[in-house]
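The next block holds one structure in the form of structure tokens; read it before the comments.
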């Protein structure tokens, strides 16, 4: 029927590439497997999952090569939210750049502010007053809880459970209220800035935070009852999308994705920055099945563990916050920052533990008020790069489970 | 292991292809592009070093010098020895490689650190550095038909893209200054 | 460049000119129709001899239509005023509507009874209008007096055709109501489960008119066809899904006497209609020219064909126990109170009841089996390319099916239209005067219990949906082939042996019956207790925390 | 709105007809309602069958087949064979037809070429089928069929059917069940994916 | 005309039969041919039920129809399995191409 027979996989790969280049990815690719092999003649399809798809968390586009329900290959295409934040960073002063960092990982904006401020302060050799440092840690941890809440809720949504999402947002709302009381904003705070915080904590804030922590801590058990140990949820996620520790390190995974693979690595503990060495907290890692309350089906590095690490991290953040409240000193919340900052001709690279992994900033000064170069390492960018490796020979439903557990924020991937 | 010790170790092994780059608060080594794959493999596999994680690849445009400097930030994550299972920091290192701005390329290290695959694509996309041996060197953040490399210092923002006038063109039309950096 | 322009998109679809046109049209039509009615009536009055009945019908029809037109014109002209009145009187209108529907549903039953009584007095082919009038007035001689009009109205009711038409109208009306109420209720239930309020705005009282507003919105939406879609099949698909869902209700008995068609094979008729509905989904997926739709349709076909088998096996258990396919007979067999309900008859019917419920979840595409429209995987599955009215039809079909299978579960296993009290206690009142019968309907048996039970199982479906995550496709198949199917086989075999070996009234039968009844009763009591606890602690349980705003916050 | 009404029309009619026709009791010989229902259903049935013949798209053919099967089921209802009607709906419309549509979707490309018959074939088939129809109808109209016995079996059809299946027709019944078993095994064997060989099945893993 | 009798059903069945035959002869899609066969089977089954209702056969016609339906379902299942296999081997569903007598 056809002239020369090429191996099916070969041909299909070529065909896919050709189609991609033509900008018509949604064309059927017919596969002609070797007849001698006697494989089922099926039609492999290329489908676009995203950039407008409910479970790709924003504008991620996954190109799936599927055979029925089976995903043979998954290629992420990113860049739909690219704003070239690094170029902006070269054109504005560090203080002006703070609002841009809000828009990277917009679910954990405080931690981005924190990281960039720390990098610039390291470049300047600036010291931040004690109270300012505590405020920063409080805000970072509170925002980590908020960010993990969104991740938890959205993951439930990916698995078809609607209610956890609303529960998560109910609690997140209180955190956002607290943030609003602090700085007036609810998503892009720009609150932590070079030298400390932009304002002091409002009166009564520590009491309200304590009130929230008392309220929030028991809720985690509720989430576990509702979702984490739900048998259907466990069946959907445990053992799905297993990433080994070696793979996780090779692909540069950080944050809950790395820890879910059983690597007990957290910058706050391993390379302590700011004042994290003053607090006592544990680093949760992925658990093998049947150990430490994990369900029997669980495997270290699977989607369930990545998800559950986030739940446990919320508890640890609550611990840190309680210690912060105990130790919170009075005094200045901000160092004296000159009106015009001249960045010295130095270079620094600094990473902090963000909501999704290690947020890194490389800042190069050359004696002017604007940096010569700002490079941002988005953790989601690195975490997402493993998707095509993991999403292979899985079902379509597993794609949602895996991508959801990797938990990317496209603002950070595309920058 | 400090960056200085690493540099000494590397110089002992690779000779002139490596030199120390004691940049203040971001120390590391400078490597020639030709030696880079061997150095990379050595950095990762030598038990004393074991820089197993590539954190970031940053490209610095040295305009008006006709060169681009690539900074590879590495960290050595040491497997736990204590009972608490906590991994430890075995040292950080910044590897610097300079390439020509026009048509310069570096050997790809995607097979040493898989994380490099996307980081190299990003550097290719935004700075126009080539990576030899990369399996899939396409633009990653900008559209495939984008012209130019935005993070270069002499980059001019295009007046229009696929028939859509850009903000830069609009600003020019109003008599303001262009947004190109 | 394309021809899209923002002005076109932003231009309102209904302008003041449209409104004026509609107003004028309705006024003219209304006046014309009223005039026609009057004229027709005059002519008919002059020439009484021929076609008097038809003339009266024409007058009534034209008059009613004309009045409706004038009403529409009034609403258009005084929309603001009407809206305000509707909003203020929302709750009375809602409650009045409910009572009205109940009364409306009762009237035909009473009328049929009267007509049947008169028919019994006049054996023969058909009863004439004059005979009706005579029966109504009590006089032997018909006088074409005031009772004549009433007789005229009763006359068509003696024919099966009229009753069928009325039944179909009733079914369509009930299905629409169920779907609209079901959608509103689902949103309320979801809201309450998620510490939200759900719809609160439209209609005043708890957003009761939300479905109505949604329906209006959907009707106004643009009808979109996808390039490359098979248009004819794309149009056809919603009807293929909707009509079987409607047909389910034709055989569904609301009570021994309240059934559009008491089919001898009612049970498998419903089973057949559940199976035919899938074709609509399959067609929708195919015709949409969208890969996600196609995947959704394939999933649905796969799931439906698989789950028909355990569903069918589960149906066989009550069929075997009672030896009939007639739904009214199955219902009648469970009239002896709580413990005679089929689910509690023996352990195997109990298993069959559970399997039946799970399999119906799958056949209605409800969570956790909602894979065909799983929005986190397939965007919206087979519904992806549908909008507006066609989309609404799919939804109507889904909610109608949900209620139908929930009601079927209650007919087969949970005492049909009987209350937990033995029907024999109230037998004396079943044929008493009107008020006694009303009390009997509330206390012992009747459509009220049927609808209540149906909505209870409907609620369980909602409850599951808003609690559970979604199962994966291979797990759906696993659950069917390796769990439900063996379970139904065990139930079927066990039921056979039970019927063969265990004599009714033997100590084993009584003991098992008691235990199962206790389990069922405890479940209900526990649920009631949870509801009560939740209601008493409703402030605390929603998980809110009172945080006063900080000064200057 | 080109041909939409065509597709919309039969279905409400079907609904009404099914309500009318699903009459368990035997009706008197001359019932205008039944006659109207018969002509309506017959029109739908034959119309769908003709649609089958005319349609070129295989999915449309399958949908026309749905019309025919539904129509035949309604005709069974009209003839008081309610059990058969329902079985027809379950097995044919709910089972066979879905299998057919499934088969269509498995074996046809979305953008595949249409398989059209040659005009000569069409002409020949038309002539032969037309002649057959004319001949059959002529014979049917001229034959004097034995007079119908009054009523016919109506009530208790299901029980009677079941009884005869397990007594008079026991052997064919058992044969049918053996046949179904054989079909199940055979279909599973035919459609199973071939066993993976050494060269096949290994994915593009590196 | 208003009295529906045996002849009406027989004529209708004849029409169905001819349609089915036409479909079977002209369609080249194997599934189309199967659809034609289903039409023919339906025509036959209709005849059987009509004879059972208006003739003197009693329930025998209905039982026979029951068997016809069962056989038709079995036939469809096996036919579709064959077609899927056919498509797998020949990459087409055109029945005219299946003349090679080898797999």
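Brief remarks on what is shown
Here the chain labels run A, B, C, D and E in written order, and each chain numbers its own residues starting at 1.
Definition applied: contacts are C-beta pairs under 8 Å (C-beta built on N, C-alpha and C of every residue); 3 or more make two chains touch, one makes a residue touch a chain.
None of these values were measured; they are calculated from a predicted model.
Within the contact network of the assembly, the step distance from chain C to chain E comes to 2. Distance from per-chain Cα centroids to the pooled protein Cα centroid is smallest for C.
Among the inter-chain contacts, the highest number of C-beta pairs connects D-E. Each chain gets a centre from the mean of its Cα atoms; the one farthest from the centre of chain D is B. Farthest from chain E in terms of Cα centroid separation is B. Between chain A and chain C the centroid-to-centroid distance comes to 46 Å (mean Cα coordinates, whole Å).
Note: centroid distance chain C to chain D, computed from Cα atoms, is 29 Å. Computed from the mean C-alpha positions, the centre of chain A lies at a distance of 56 Å from the centre of chain D. In this assembly, the C-alpha centroid of chain B lies 65 Å from the C-alpha centroid of chain C. Across the assembly, chain C contributes 298 as residues in contact with two or more other chains. Multi-chain contact residues, meaning those touching two or more other chains, occur in chain D at positions 83, 87, 95, 99, 102, 110, 157. The set of chain B residues touching two or more other chains is empty.
Interface residues of chain E, counted against chain D in their complex, comprise 1-12, 14-23, 25-32, 34-36, 38-39, 42, 45-46, 49-50, 52-56, 58-60, 62-63, 65-67, 69-74, 76-78, 80-87, 93-94. Against chain C, in their complex, chain A makes its touches with residues 26, 45, 47, 53-55, 68-69, 156-163, 166-167, 170, 174, 177, 180-182, 202-205, 208, 211-212, 215, 219, 222, 226-227, 230, 232-233, 235-236, 395-400, 404.
If you check the complex, the residues on chain D that touch chain C are 2-4, 7-8, 11-12, 14-16, 18-20, 22-24, 33, 57, 59-60, 63, 66, 70, 82-83, 86-87, 89-90, 93-95, 97-99, 101-102, 105, 110, 155-158.
For chain C in complex with chain D, the residues that touch the partner chain are 160-161, 164-165, 167-168, 230-233, 235-236, 239-240, 243, 246-247, 250, 260-265, 268-269, 271-276, 278-279, 282-283, 286-287, 289, 294, 298, 301, 304-305, 308, 325. Chain D makes touch with chain E in their complex at residues 29-32, 34-35, 38, 42, 45-46, 49-50, 52-53, 58, 61-62, 65, 68-69, 72, 75-76, 78-81, 83-84, 87-88, 91-92, 95-96, 99-100, 102-104, 106-108, 115-117, 121-122, 124-126, 128-130, 132-133, 136-137, 140-141, 145-146, 148-149, 152-153, 157, 160-161, 164-165, 168-169, 172, 176, 179-180, 183-184, 186-188, 190-191.
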